Every structure is written in structure tokens, then in C-alpha cells.
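Pasting a structure below so you can have a look.
Going in written order, the chains are labelled A, B, C and D, and every chain counts its residues from 1.
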């Protein structure tokens, strides 16, 4: 497992945007520690490596694999299983691998609708109405592109996961800290957390790190931040009627968005032990509504025009229901 | 992932004679539980004729000891019936009582379903739910708190007076708070009481005096409770003692001030608006305490800055215009609310003309009219103050049993109306008509009274009065009040001209009952009466431990019932006091400080003020003594930092899975 | 088997002080109702965490009934209003996920309303029967099942209408 | 802001022309704009609902649908959604249709199905149905009305007669009381009139009983007039074309039936408002009533012109003469024999 005296490191992107890789690079000079301490064997965005090279490796020979992206197609699934087999520690890295993230929102519709939308929207130049096919007979032979699954799944719905590191992307200082920890653990100077732990995060939720003042909340109307001009810079955003996901979202990002004046959108996912992130936000928002009459409550709720998008922007694929009904249908 | 310790669960299926066994295949249920739930830890499953019998209980106790059971599920009746029974049994065998779970297969299965196969299938799901849940149960300990032996009674009517005397006579201290200047309540305003026709004052005033002089009673009249905090055994109450402008130390109650006061005002309270009092007044001769009170709104000195006639003539110098409202804090262990009722506002039934026609009276006005101490010295006369009516119509159910106003029966109006009929007869010889929907005289000696009034010649017309009008249709109606009614016994519309109409108005919850309820943490029914813990078996306790209700605050009732409830509430309080400490259900919420982010979403959710925010640590805190265990904050916490004992997420989620038989499928898949 | 009417499975949440007692009362009075509802006792409808509903729906329930004290009659003063707010938001979320909001119903029933409780259960069972099974897809063991419980292939090859051979 | 959709109802074009004239006359003083519903139809009055429910409701709802269409077309969401009618029967019918279509969804669906044939649809609850009196008292306000009074009706004793259809069943709780509402009294008082206590204010005028059971109608009309007279009223004021018609047109026959000789004029409240605002009787349709208000209005110095229309039978009797109907007194005498 150790070649050149160095443990092996891999990183892979499945259904993701690539932001997680940027975040890793964003740890600045710490990246040199990675190089100094690890032998990078597989990292498609940074180096050329073939799947067959990985297939050839001994099982469990990679010490640490950071796996980002959800499982949307058969290639994603194959690589997830392959890397699971070859890795000692498999980390679901970033929101996509942990709970599906924005690509998971595609679980609200069927694959067909998804493809149709992708290749046929106003902004798509596709005059000949070409849609992709999974197989194609080219002169050079039959070509294959990966097949899509009916819905996107987070990594742990496909393979066993050792650690979770949420965030869209994970904060660079958290990545650096985790890498530090692993390096220390290699040298026997620290102990790794128990399997299944969420790492690179705080114990609480975003409010814990948010400097804004908070009071007892009684909301008469939910508004979008652009409709409040200007929002009080020092007061809890939720108290001002702006649906802020901070109360339910795992801490660890240092409340970046609320600090910058924008509501938390929840990329760090649920707090420790929470079964369904969306349910926590539903109950939080509903709890602070200051009304007793159904009509009045409905009027206030009209201020959250897209409740699913609001509460499941990052977590739909990892939620209890996992997907909308369309994706379950066939 | 930490492996959960495998629990050892015993499942006990009760036949309840044939109550359950008649519709559910109990043997199959027990067998199935042992087989299909074995992987979850069910080590024994038995069925038995009557689990709640001592033999049934012993069976469980024996298994706990011998098989080392760590969890028990009893599939029997509702937990509201026998949860305590089986918990006690488990405790006897050394198992924490909260590790026992009842699966209700009688009330929820055998009694309500008709197909044996389907019922048995549902019973299996219910048991599977209970087994999954009980595994997640945690051992809990009852919380014991000491009981402060002092009692607060709010309301100095007959119910409050009775309760106060019972407790005080037993040797414990009572604070009796009354909003008006004197205790006595509505009963003090009445002339006679039905059905015996005792003089109300004659039987009430000795009790009032006893309250006033009792060493164990602190009487706080002209006072109101403004704040209540704490919980059973340890309430903290703030009482506002309104300024009387009379120095109670110096006042002898001689009444000179009232005599000399030049300002006369209509007495809307005690005289029900048909008599007068002075700006400084003692509401009635036998008032307790005997001290007068200065009505600031009407006192010439307070309005114009001069007069002070009372001060000039007061022989002891007891008038004190500088007196201010006083806040008094007391600590009590139990509270009895005997806040009474309001009368229905007869003006709301505009077709009966109260407020438009001078000679339409309400029942309370008539009480004052017929009272020898009232404004007419007991002479029953028309509003002009002199004419004796020759004919009187008494209308029952005004504002009661009427979908436009109150649906309920006000209980006392029939008897009260009969009493009025008798008094009118006796004192004026007038012709009396009683207009009733149904005659309700159901109590000891009540119907006999009805018979007596019938024999006296009162005319009874069965029908709901349509209107009272002064629009005459012929000569003999001229100058009279005409009562238009459908006489349902003869099936005819009738118009009956009378000189005087008495509206037997219904009883209503106090206008501020809702706020008072909120202050004391108890709820009101849809009609607005305070809700008792159980309508039949626990009529004076409330859902809030340590708060009891008595008299008309709980619902319309007559004097004997009010007295009985006052005494009953006192007995319940004495029972608590003598127990010295009280055990609180350990169903409580608590905050995991590490997880709490101080978002304060839960802060506004607790109506019992159990949740506070600790700004220094930026966390919320739940006071277990104040927490009532509803679990609303548990469900609300966005970070999952609040957990609740007895009904934890793990317990409920496990029960959901069990009820959906998901706990079996996993087993089958892996097996 | 297929000719049998669909028998929905429904989870009912009850409040310890009102609707659970209403269920007891219905039992004591031997009122009959559809056996499709399985009850869970909470101390208050305010305890109802939307998680419970999602868990029930995702684990095989076709409908969820939430019951509590009438407005203004909550044993805990006003916690049923909080249940109401959560319920109204939850329905919007379910709608957004393509689940008929009518699969979740909030019913007020006091301890005295055994008959109402029974009527509401029977009506709800019929409503859900009309809506048909929800049988939320199960994917344990990596196997996806569709609404009818048939196993689905994990991955899809794209066929019509997308197939189009570029010229 | 003071713009309302307006449903006049059939009476306004025939028996209650005077009502309409007086409404027009006072509108400008009060800065009120009434936009008539285009192509409105009869509301079916009180009879049709007793015969066939769905067509009857459809007949009424057509007006509501038209009004809604007009409201939407005119100004999107910004405009009024109040429909006003001066007729009590029309008011009741419109309000009833709106209420029951909402209350009973099946009825609502069926009615809308019928409306669909005409390309119309009404969403129950979309409109506020209100009576003109309600608008004047609660929207315009008594103080505004008071400020317009230039000729107080001092010395004119008026019996305020609301009629039975306006305050009951009061689906939307618009009136102070169902038996003894005070709105009309208050308004007349603001005009300076001496309002007499009139306990029969919401009693029935007999409605269409004049056609199918005249004796009943006469009895009811009799009660109303006797009491108004007994309380010293110079005239009665009404808000309803039906009430006005019955009290005015059948007073003569009623007198005959009872052998009495009452002369109790009845005017629309808007006519009295017009007078108080300084308008002249002929602008307000005063003078066409059958029981002349001439003597009554002389108390406030208003001279009512004598109308050209000749008194007496409006229509020549055709065929053979009918025997005279017996008056009640005569009936009594007959019985004595």
C-alpha cells in the first residue's frame, strides 16, 4: 500500500461540477504537503491515468480516496465500486457525493424529461434536434457513452462510505485540516475519527458561527432578499423574513453567506444525527410563522414560492424520499 | 457504527376474556411475534386470559426475573387504562417501569373491526410497532418535587368560599383573591334560593364572616392575579391589590363616608344596574371585608380635586387618597380557580326588546328587585318604581340552547324561572306566564318545586318566544308588552300581553376566561368554560398539575353543585398537600448544548416559558421543572439539538417502521 | 387478487389528550371503522416532526393522518397551531415532489368526538383508496422498484423520442 | 376609489324608476361612481328559486359572472370587486348565489357548467355583494353624508322601514342586527329627520302575496301602516322597491279591506337624501307615488308638484264587472247574520 514510502491518494469526480477539485487546489501551499506525503495515483482532473491502471491495483492499496460527485450513470457507479474496492479510506467528498447536491434536483423529473430539457431549451442551439444515444456505430467501430440512471444517488447509496465531508465545495481550510489529520494519523500522531463520521465540519449549525444578532422570531411575511432594501446587516436574516437555511445547516463554513449578506442555502447539509434535512427546515420555518388562521398561514407561506428548491437544493437525493414522484415512475 | 446491545423483549397478548380474543387470533399473534420478531429480541411471547389480573401480572414479573427480560410489550387495552398497572408490575420485578409499552389491540383493533383475519393482521402490525418502539425506550425516573402547603383560591363566590374554608379548617393556609371589593359573588345578590326558598344572604353571610375572620385565610379583595409562574407544588404568584383609598388598619366599617358622600352613581355590579351607590361605597350591608372602596372614576375629588367630604367626616382618619396599587408576591403549591360566570347580554336577542322596552328585565335585575335589601326593598314593581304588574311573562333559555348564541343549556334557568314565578305570585298576585322550551328540573326536590309552582296557578306555555313587542294589534294589547310565541302544545301562534317581562338569561364564561386560562396554563372548551381533566372521572382537576377548577368557571351549575365542587377541589388540594411531594412524569425535553446553535427558533414556541436563551453561551435552555413534555420544541429544532424523553425521535421512527412491518422485511431479506 | 380493491396502509398520529382518547372512545362505544389506519400516540400534535411523515411515506404508507385538539383547545395551550403550520408547509413540499397533498390530512378531534374520529378515518381511507397506492420506490440492495413493485433496470438506454441519426 | 359595479335590477326600470332617478341625483354629491353591469338579466326574484334550483342560481350567477368579467377586463387586479344593488330582493339573490356556490361545491360546479354555455364562469367569493345602503353608511360614511346636507329634514317624522330581505340571513355579517338594525335610522337621523321608533322595521311587507293571497298581504301592510301612524310618522322611508310598491300601490285596497282611511306615503331613502342635499322633488322622482307625499313634505317646506298622471284606474276594465270584495268588517257583519 505504500510505494516510494508514501501512501497512495486518489480523487475522482462523478456527477459533479468540478468545484470540489478547485477547492482542493485552493488550499494553496498545503497542496505541497499532499505531494510530499502521498503518492497521487489517480486524479483525472490533475493527471492522466487510465481506469485499467486502477483496475490493476491491489484491493485496498489506495489509502485515501476523495470521491466527489453523485452517481448518475453506469460509469459513475462502476468507478465508485472500483475505488471502494481499491481504497482503504473512501471519503464522500463534497455535497454531491454526500447528498446529491444540485445535480440531485434532477430527481424531480424522469430521465427522458431531463434529456429533453437539456437538449431543447431556449438557450440550446440544437436546430436538428439531436439527442444523445448510448451506442453509435462509427466507422471506427461501435461507440458507447454512459447510460443514465433513473435518478441520481449519493455515494453511500451505492457503496460503503468511510467518511463524509460536506460542502459545495468543502471549505479549503477544512480540507487542509482534514489532510493534516490524515497525515498525522499516518505518522501515528493522531487518531482517525470513527467510521461513518462527518469530517471537516463543526458540531452545530451555521447560526453557531453567524455573528448576526438573533431574537425570538415571529414572521409575518417571507420575502426574498432583493425585496428588502436594505436588509439589516447585523440582524438574523430569518428574523427579517428571509428564508435562511442556516438554522438547519451543519456548521463549518464560518457562516460565509450570512456574513456576506446572503441567506444560507444549505450546502453543508444536515446537522449530526438528522435524518432529513428538509424536514428540519420545514419545521423551523413553520415554527416561526406568527399566525393561527390557515388563510393567514397560507399567505405567509406564499412567500416561499419554491419550497422544495428552498429546502432540498442540496439534499434531495439524500433525503428520505430521495426523489420526486416522476423519477420513481416508469 | 456502534452495535446496539440486543434487548430481551417479552410480548404478552391479553385475551381480555373474549373482548380481544373474540376478534383477534391471540394465539396466532403470540406465535407470530415470537417467530417474526425474534431477530429484534423477542425471546418470549405469551397469550393469557386477563393480563391485568394479578396472575397475569405475576406471569410478567416471573419472566422478567427468570428470563432476564429488558423490555416488555403488553398487547391489551389502551395505555390510558392499564399502563400504570403493568409499569408497576415491571417495577416490582426490578425493571424500570418506562421500559414497558402497551399495544392497544382492544380499543384500536378488536372493538372496532369486524373481520377476524384483517383484525389479526392489524394487531400484528400494532405489536410490531410496539416492539420496535420499546427497544428504543430508555429507563426514566419520575421527578419528585416538594409541595408548598399554601393554596391560592381565585374567586370569592360560594365555590371559592367553600374551598377556602375546607382547606383552612384542615389547618393549611389559603390566599383567597377576589376582584370585587367584597366576597360573596353572585349568590350574595340573590333573594331566595331554589328549591327550598332559603334566604340567600341568611345562608351565605355566616360563611363569608367565617372566611373574613379565619386565621388560616388571607383575604385579598379588590385584587387580581397578574402573573403566575412555576409548576405544581411551587407556584409563584403576583397579585395586584388595587388601591381602595381606605386605610384598612384604621377603618372600622362604620359607613359614615358612604353616608356623607355627595356623589350618587348607578351600581352596575351589585345592583345589576337598577340601583344606586355612592362614589365611596360598601357594596352591601353584609360585605366581607367591611371596608369601603373609593371609586376613582366617579369620585369628585379625583375628578375635580375638591370635595373630600368622606375624609372630613371619617372618625378614624382612614381615608387615604394617596394610596397606590400594590403588588404582592406569594408562593403556593396548588391553585383553585373559582372565577364564576358572566351573564348573557340580553340585548343581543334584540327581538326580546331588552334595552328598548323599560319593562323587560333580566333575571339578575329581578333578583335585586325582589330582594328586601334591593333598590325597591323587595317590592316587585315596573321600571317606574311604583306600578305593580298585573301580568308577568318569564322567558326561559334566553341566549341558551340557541344556535345563534350559546348551544348549551345554562342549567339553572328553569329552576330560577320557577322561583321567580313563585315570588311574583306570592308578592303581587299577578298572572304569571312561563315560556319554556323544555322543563329541566332534574335534581333533588326540584321537580316537586315545579309541581308546587304549577299548583300555584302559573301558566306554562311550551314554545320559544319569537318576539316581545309593543306594537299592539288590538285594543287589549295596547300599552302592554306582547309576547309572540308558538305554543307547541296546542300548535298555535299566541300573542300574550303582559306588563312585565323577565328574561331568564343564560350563563356565560367570564369575558376574560381565555386570558385567565392562559395566565394559569389551562385551556377552555369551545364554549369558553375551563376544561376539566376528565368530564366524568376528574371534573375538578385540569390538565395542568396543581391547578383545579370549581363552580361555574367549569360550566353552568347551581349552588349545591358549586359548593360540592368547591369542597371536591379542596379535597384534591389537601390530598396533594398531605403527599408532601409530587411525582412529575419524566416526559421532558432537553437541549444538547454542543449541538445547539442558539438560533432561537424554539424560544417562542413554549407556552409554559420553559425555554430560555442564555446569551453568554449562545444556547437555549429548557427548565425541566417547567417543561410539560408536549414535544413541540423537539419537533421544531432545526439542528436536532433538542430531544425528548418518552417520545424520542428514535422511538417514534422505530414505531413507524414497525407498524409498516418494515422491521420484518429486512430480516427476511438478510435471512 | 387484482380484482380486490386496493387496501391502503395509513399511519395516523394522535394526540394523547384528544384524538387518542377519541380512538379509545370509539373502541369503548364499539364503533366500527376501516382497519387500514395504524395509530401512533404523541403527547401533542405539536410533537409531529415532518420527518415522521416522510419516513412513513417513504417506508410504505399510502397516506398519513395527523390529528390534534381543536384550535383553542390544545392541552398545551396552542401547540396544535404549530402542527397546523408545519402541515400546511409540508403539503406544499409534497406537492412539489409530485405527491398528492391529499395523502396527508390534518384532522381536529376532541376526546369526546369518537364518532367524528371514526368518520374521518373512514373518509380518509376512501380518499386514499381513490388516489391509489403510493408505494414509494424501494431501492434496497441496489434494486430499484417502480410503483407497482416491479424491479426496474438501474440504467436507461435512450430510445425514442430521442433517437435521431445525424445526417 | 369610490367606484362600484352596479346591478340595478328590473324594478329600477319600471315600478321603482323614482328610486333610480334619486340615486342618480345623489351620486355626484357623494363622489360615487356606479358602473352598470353590461347585459345584466333579471335575478329571478323570489319565485324562481322555489321552482328549480340550478336554473335559478344560474340565472343569478350569470350576473355575477358578467360582473366578474367586467371587473377583470376593466382594471386587472386593481379595481373594485364590489357589486352594489339598490334592490333588496336582488341583493339577497346575488348574495345567496355567491354564498351557496361556495358552500356547496357541487352546486357551484353545476351552475358554472350552465354558465359555460354562454362562455361565462363565476368563482364564488370573487365579488363582494353589497346593498346601496351598506355602501352609503359604511363606505361613504355618515359624516360625509352629514356634510352634504343643506336642507335638514327637521320636523319630518319618518318611520325607517328596512324590510325583511336586507338584514336576513346576512351571510357576510354586514348589518348591526338582524331584527332591529340601526343603519337606516342612523342615516335618516344624519339627514336631520325625526326618526320615530319603528319596531316593525324588518317585518315583511307581504312581498308577492299581493298576487297570490292578498288578504295576507293586506294584513301585513296594515300592521306596518297602523304602527307607523300610531307613532306619528309623516311618512315611511324604505330601501326596497318591493316594499315601496306594496305599501304605496296597495294601501288603497288595504284601506278598503279593513275599512280604514290611512294615508301613509312611502319614499325611497335616497329620495329623502336628495331632498336633504337640496335637490328638488322632480329631480328625485317625488310626486309619482300613489299615496302622495305632498302633505308630509310640506312639513319641511318642500312643495311637491302635482303630477300629470291622472289618478284612478290605470287600465280600463275589460269584460264584465266583478263583484266588490268584502272588507273584513263587512265580512264580520256577514257572519253575524
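A few comments on the model shown:
Definition applied: contacts are C-beta pairs under 8 Å (C-beta built on N, C-alpha and C of every residue); 3 or more make two chains touch, one makes a residue touch a chain.
None of these values were measured; they are calculated from a predicted model.
Interface comparison, B-D versus A-B: the higher number of contacting C-beta pairs is recorded for A-B.
If each chain is reduced to the centroid of its CA atoms, subunit B and subunit D end up 50 Å from each other.
Remark: subunit A and subunit B have CA centroids separated by 55 Å (rounded to whole angstrom). Centre-to-centre spacing of subunit A and subunit C amounts to 30 Å, using the average Cα coordinate of each chain.
If you average the CA atoms of subunit A and of subunit D, the two centres end up 70 Å from each other.
Within subunit D, no positions touching two or more other chains are listed. Under the contact definition stated at the top, the residues of subunit A that touch 2 or more other chains are 275, 280, 283, 287. Annotation for subunit C: residues touching 2 or more other chains are 49, 51, 55, 78, 82, 86. Contact annotation for chain pairs lists A-B, A-C, B-C, B-D, with touch applied as defined. Of all residues in subunit D, those touching subunit B in their complex are 177-180, 197, 199-200, 223, 227. Those residues of subunit C lying in contact with subunit A across their complex are 49-51, 54-55, 57-58, 71, 78, 81-82, 84-86, 88-90, 92-93, 96-99, 136-137, 139, 142, 144, 146-147, 152, 154-158, 161-164, 166-167. Per the touch definition, subunit C reaches subunit B in the complex via residues 9, 11, 17, 20-21, 23-24, 26-28, 30-33, 35, 38-44, 46-49, 51-52, 55-56, 59-61, 70, 72-79, 82, 86, 112, 118, 140-141.
By the touch rule above, subunit B contacts subunit C in their complex via residues 78-80, 104, 106-109, 111-115, 118-119, 121-122, 125-126, 129, 518, 521, 523-526, 531, 535, 543, 587, 605, 607-608, 628-632, 634-636, 644, 646-647, 649, 652-653, 655-657, 659-662, 666, 669. Those residues of subunit A lying in contact with subunit B across their complex are 194-196, 203-208, 214-218, 236, 238, 246-248, 251, 270-275, 280-281, 283-284, 287-288.
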